[in-house]
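Data block below; observations after.
Think of it as A, B, C, D, E and F in the order they're written, each chain with its own count starting at 1.
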Amino acid sequence: MFYHDKKLQYKVRVEKPNPTFARALQQAIGGIEGEIRVCLQYLFQGWNSRGPVRYKDMLLDTGTEEIAHIEMLSTAVALNLEGASGGIVDEIVGQSPIVGAIMGGMDPRHYLSGGLGAMAADANGVPFNGSWVVSSGNLAADMYANVMAESTGRLLATRLYELTDDPGMKDMLAFLIARDTMHQNQWLAVLEELGHGDITKVHPIPNSFPQANENQEVNYLFVNTNIDAEPSAGENRRWTQGTSIDGKGQFQEEKAFPRGDVPVLGPPAKEGYAQTEQLTGANSKS
Amino acid sequence: MFYHDKKLQYKVRVEKPNPTFARALQQAIGGIEGEIRVCLQYLFQGWNSRGPVRYKDMLLDTGTEEIAHIEMLSTAVALNLEGASGGIVDEIVGQSPIVGAIMGGMDPRHYLSGGLGAMAADANGVPFNGSWVVSSGNLAADMYANVMAESTGRLLATRLYELTDDPGMKDMLAFLIARDTMHQNQWLAVLEELGHGDITKVHPIPNSFPQANENQEVNYLFVNTNIDAEPSAGENRRWTQGTSIDGKGQFQEEKAFPRGDVPVLGPPAKEGYAQTEQLTGANSKS
Amino acid sequence: MFYHDKKLQYKVRVEKPNPTFARALQQAIGGIEGEIRVCLQYLFQGWNSRGPVRYKDMLLDTGTEEIAHIEMLSTAVALNLEGASGGIVDEIVGQSPIVGAIMGGMDPRHYLSGGLGAMAADANGVPFNGSWVVSSGNLAADMYANVMAESTGRLLATRLYELTDDPGMKDMLAFLIARDTMHQNQWLAVLEELGHGDITKVHPIPNSFPQANENQEVNYLFVNTNIDAEPSAGENRRWTQGTSIDGKGQFQEEKAFPRGDVPVLGPPAKEGYAQTEQLTGANSKS
Amino acid sequence: MFYHDKKLQYKVRVEKPNPTFARALQQAIGGIEGEIRVCLQYLFQGWNSRGPVRYKDMLLDTGTEEIAHIEMLSTAVALNLEGASGGIVDEIVGQSPIVGAIMGGMDPRHYLSGGLGAMAADANGVPFNGSWVVSSGNLAADMYANVMAESTGRLLATRLYELTDDPGMKDMLAFLIARDTMHQNQWLAVLEELGHGDITKVHPIPNSFPQANENQEVNYLFVNTNIDAEPSAGENRRWTQGTSIDGKGQFQEEKAFPRGDVPVLGPPAKEGYAQTEQLTGANSKS
Amino acid sequence: MFYHDKKLQYKVRVEKPNPTFARALQQAIGGIEGEIRVCLQYLFQGWNSRGPVRYKDMLLDTGTEEIAHIEMLSTAVALNLEGASGGIVDEIVGQSPIVGAIMGGMDPRHYLSGGLGAMAADANGVPFNGSWVVSSGNLAADMYANVMAESTGRLLATRLYELTDDPGMKDMLAFLIARDTMHQNQWLAVLEELGHGDITKVHPIPNSFPQANENQEVNYLFVNTNIDAEPSAGENRRWTQGTSIDGKGQFQEEKAFPRGDVPVLGPPAKEGYAQTEQLTGANSKS
Amino acid sequence: MFYHDKKLQYKVRVEKPNPTFARALQQAIGGIEGEIRVCLQYLFQGWNSRGPVRYKDMLLDTGTEEIAHIEMLSTAVALNLEGASGGIVDEIVGQSPIVGAIMGGMDPRHYLSGGLGAMAADANGVPFNGSWVVSSGNLAADMYANVMAESTGRLLATRLYELTDDPGMKDMLAFLIARDTMHQNQWLAVLEELGHGDITKVHPIPNSFPQANENQEVNYLFVNTNIDAEPSAGENRRWTQGTSIDGKGQFQEEKAFPRGDVPVLGPPAKEGYAQTEQLTGANSKS
């Protein structure tokens, strides 16, 4: 079963809210390359797992971590929508900030349906679709599905990194890119155990993104989210010890803990028509 | 962020596997009335929450609990698919067990795509759709969406209860029906705080299901899944103290712990073509 | 069975066409909070209704009214698309009006697929989805689904109201917001009959929208669309008499009649490539 | 705007309920060839219509009629699900009637989600999709979309006619098949006005279905659902006078009236868990 | 079975890349009026064809041609995305070219998911949906589905023609518009063989587009893509000889050959994070 | 551009039609693991390809081959639906063959919508979805998507092989399984060129299927579908020469030719209501 605390896995800061970037971030939440997909994919593979138990455990460990990534990205979307004014665009089109933001590429449903919050949809507002969740009953096929998901996922994250110059957003993405590096290696480690050849230097995908830009603390780190399990010496779990499969790091293991703080969103925007009790009580402790 | 352990929130036993019932259970996993929907709905509402913080906390507490419900149901599906032979049907149609089971109402994708595992889809194989996740930015609207989700969810669970005579399945459903009773009351408690009238005896919906059949230990119990938070005396959290909103119980609070065991699935079926390493290593400890 | 006349339920005027606003209006037509959903939801609930007949009748009455709302909004979309020029944007980007409008947030399919007409889709062009139509067989569950639909629907309408400063559009939305107030109260009245507690001051949702801005003639008025039935003294129909459930009005009943005129759209835009016979015969009487 | 009465356009009788046939009927409700599609398609084409007004009027007339067809088919589904016992199947598989019915091809969601009522979905439970609603802004393109919809729709209805030997269902389908004959001719009449060649003997599609089996009273009859408009001598409306476009009948016009009665469904099934108040008050007048 | 060569059916040139136009072109690839739909529709109709063999052959001939249309349009999208800078918009908003382009109406997934390539989706990023592929088993119904598809398809192409002033794009669209003229006539020719009336001057739809603007070489030309079949004198194949059904041309037949060249895309954009080996080896021969 | 001939890539025989198996085969046509997906995925990757040209060529070669697989499977579906009588089931339920077949697990839309033909949908009738088509702009990510697609695709094919005892169907599936073996190796060969480690014995996935059962002529054979290109000595194309990546075969190359015959379907079933001209002219040469 599952537990949570109130903090984020990694800090999420937005210096200059940007509703167009909020829309782009949705791809990493509800798109086919996004975190809901990998979260459900690893959890379903774990729940359906038959055969050696250590694979089930690992799948649930990482599936659980991915929930925290959806949380980080949803927080980032909400923060990017605060004061959805679109700055320069406003001045040009001389309309209300939200109309201006829509004209400047904002997803109109972020306001109309979400009241300036994140949605379970992609960057075009197309809803998340459960057909993307692959759990085939064959461990090797599943691992390829997972490497593929983390490859397109890391690719997406590097492109998002390119789209923003907000230092908080770049820092958050550097963390997520690093986790994708680890997860690519992690699934390849299972394939190695199943008879795959040695080090595959094609990873991390994409290899054209300067790896120095990813978070160096967590890029070869297995995060153990099981509250009952102590990180062990690794035993026969390839993904916690030795040289990483891409040959570029050393696997390590760590008991999960939050590197981020409790997220604090601003009060509801007046034009979002939250309930009055939300407006008056906003940000109060209780 | 999020954590897990290896045990189930409540025990899941299947005495006589029934692939037709596995198909029906999918509605409670990936259908519009199902657990993926409420899980993501409460989590997104929590992540997007603006205004008094105690609502955010509660939404994340219960959203986290719902992941454990998906886990229980997925385990139940996998167990119901073991030996997918369809019993009586086999004798009649004289075919392979799986063909017989498909002719007897099994979802063919449970075998073809899932290798006898659960999917993120409904009882007709229609994939889960993110459009069902409502997070509107207005607390009262969200609470009505939640009462509605738990009403149709409990209705679905009572119908599943009716469909099976497997004692393990009935016991699991009695637990889930009780949790839906609590969750209906919980969202109504927020509405009460927002100005809603007094006790609403229309609940739990459906009121025609004998409430004695639901699990009496957990039907008015708030489950606190936050690993850092001790259950308090309730303070201003209506859903942890006093008479329940339906007037039929007393609210209580409990720190989350697993009432179930570590689930154990059988080895892969030969005809599911798992990887050889899964077949030989099945059920080994490592 | 069903009938129509050529007039609108309420008048639809657009002083300054705005294709970006046309896109936003689509959410109220084909989105999950939109009118196609409530229309089909109430009609299916009515057609499937088992038990006291007066609920079936009421559901069909209001389901029929909702068709007229789709009609009003579709007319509003078509009028907002006339001369889709995007004004200020044009001057900036120096392109054809329609390209400019697309760059300014217009839905490109309004031109490409619809020839400047409305579609059965949401503000992002995601098609209406029948899974949103809830008819559960349990009257109380259905009523919560309906309160929820009218709560998110009214919330959407207040946000649309905020997005426009066109007096015609504001007037139309004030009418629709008022109808949502009534419909929230109407479904609550059924819940009261089923045992719900007394007056629930949480309504109309959102309560932060100044209720003075909604149309005061129709906000507590039951509209009887049955051509055979005279409004009665109410008998045991709670939604036609007494104080409204939100305590803010008095229920009344009225035989349906059009408050609007026969809608008149402009001739087809040349660049929409209507058939020649449409261009030459446009706006002729026959 | 729109009105209704409590009667059906044509009578709907089910002598021997058949849940497998209920599932098949869903294709005619929520499938791509079904009535929700043509209903919304004609209404949207009418609302978006630019050019000669008589086409707008006719589209709304027939779009309104189609709502009555959804109503008839939904009633037929509900009646076919009553006592969903599956007869012969029960005896064979020795299970509960509903499990037996699911094994015998029933849609499990008819019970699980609908409580034995119709849904906005096709024969496989795939939801109705708004993308099927074609309204292009070009009258000739729209008319071809309509001929195509009525051709596949009539084809579907003849196949449903073939699937059942229930006299009530055959009678209802003979009515719907006849209306599709008329509607094919009606859209072709517009095409004739737009310059199409003369009589096209390829219709009604399919031409292999014995036309004597369709209802002979209504197969070349234009049904005027406008409560304000008297059927006229036809003037320049080709679809109300002269030889039909398929050369097999004479066009006529009639003011809409119900040929069917007020539908009466049975009380809720005990195992559907309707609200108690539905069970006790079932079939009462109020 | 199927074959290809490296050249395009017709030349595709883009003088001034325009990411907003790339988005619009997606409607012609993955939209309901688009080429994937007609391609699969004709192929499935061919594969499922029962009855006279010459219809099967023709359906496969034209279904095969449509693959080449998807190829042309995908190439056009990729070329329009090269240097996705959005020109004027950049200067205004002072951001990175891609952010500027998103604010100017670009589909963000063209960058985020596609790395500046085409997708199997419509102009709003809504994925292609297999439900649009009509193959009914009735030849006449199928032919109407095909005339309808080519009518809305040609309408879409004329609107795209209107949206661009790039001479290369206009030339490509003039070719595709001409092919749609032929295909409308082709399916009508089958209907004529099945008993349809004579010349139908309503075509090509839309008739308001100056037919002189379409490519005059190919607008009444049957393209035989069967590598084994020589164009014959026509025999009983109406669509290869005689006056076209719209009365505006003479049917001819030709053995398929590429009128275009091998397409050459530019190297990957640096910010798309292609694999390093793509960047260094770009445009090399091997 | 693209060409075809009238023959199948490999022979398709059905000795005993089985509509339940036809339903299962749909997963391999329109499911996420199916042939439409890989066909469009490889073609889009080819059309969007930037960088070394030989990858573009190979992607188009194999994408073109996959069209022939859809053709084979569609033909297999049509043949399995002929005489959809369900044999044993009929005797039991004493109904019409098609009703019996629906009760025995047939997809009802195979009759209702398709007239006993294949559809662009999966085994539950859920339509093919364009979101599954991955073309990321990064060659390595795309190759992992392709290995994953061929792994789940081969897994599906082995499960279909298990479900049938029709020798014709087993022979066809042995061919398709062998092609999936080759295609897994082919994409791995590209990864090897990009820096991947050596031989990966984990393939072909699933490794528990006896490889002796797959067609031994074509399991390591690159099929060159380019009508202009002669198979060369391989040059720098790893997938045409040397030991296969799984170490179990030798790569070879062959110019594409049909191993199957022209498919011949039976005449339309009377109850499918094909057009009369199809019935009378069935199986005639012209």
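Everything below uses one rule, namely that a contact is a pair of C-beta atoms (placed from the backbone, for glycine too) under 8 Å apart; a residue touches a chain by one contact, two chains touch by 3 or more.
These figures come from a predicted structure and were not determined experimentally.
Participant: Using the touch definition from the top, what's the fewest steps needed to get from chain A to chain E?
Facilitator: Minimum step count, chain A to chain E: 1.
Participant: Quick check on the contact graph: shortest path length from chain A to chain D, in steps?
Facilitator: Step count on the best path from chain A to chain D: 2.
Participant: Out of C-D, A-E or D-E, which pair touches the same way A-B does, with over half the contact pairs the same?
Facilitator: C-D
Participant: Suppose you list every residue number at the chain D-chain E interface; are over half of them used by both chains (same) or under half (different)?
Facilitator: Homomeric contact, same residues on both sides for the most part.
Participant: Taking the mean of the C-alpha atoms as each chain's centre, how many Å separate chain B from chain E?
Facilitator: Those two chain centres are 47 Å apart.
Participant: Chain B to chain C: how many Å between their CA centres?
Facilitator: Between these chains, centre-to-centre, one finds 35 Å.
Participant: Mind checking the centre-to-centre distance between chain E and chain F? Centres are C-alpha means, answer in whole Å.
Facilitator: A distance of 25 Å separates the two centres.
Participant: Quick one: which residues in chain B touch 2 or more of the other chains?
Facilitator: Only 32, 92, 104-105, 113, 115, 124-127, 129, 131, 136-138, 140-141, 152, 155, 194-195, 202, 205-207, 272-275, 279 qualify.
Participant: Building nodes from the protein chains and edges from chain pairs that touch, which of line, ring, star, complete or other describes the result?
Facilitator: Graph shape here is other: it fits none of the named patterns.
Participant: Which pairs of chains touch each other in this structure?
Facilitator: A-B, A-C, A-E, A-F, B-C, B-D, B-F, C-D, C-E, D-E, D-F, E-F
Participant: In the complex of these two chains, what residues of chain C are touching chain A?
Facilitator: Touching chain A: residues 20-21, 23-24, 27, 31-33, 88-89, 92, 104-105, 122-126, 152, 155-156, 158-160, 162-163, 165, 202, 205-209 of chain C.
Participant: Which stretch or stretches of chain C touch chain B in the complex?
Facilitator: Result: residues 32, 126, 129, 131-132, 134, 136-138, 140-141, 144-145, 147-148, 151-152, 155, 191, 194-203, 205-207 of chain C touch chain B.
Participant: Touching chain F in the complex: which residues of chain B?
Facilitator: 92-94, 96, 98-99, 102-105, 107-109, 111-113, 115, 124-127, 271-276, 279
Participant: Using the touch definition from the top, list the residues of chain A that touch chain B in their complex.
Facilitator: 1-9, 30, 36, 40, 43-44, 47-54, 57, 60-61, 64-65, 67-68, 70-71, 74-75, 78, 113-121, 127-131, 133, 135-141, 193-195, 225-229, 235-236, 256, 258, 260, 263, 265-268, 272-275, 277-279, 281-286
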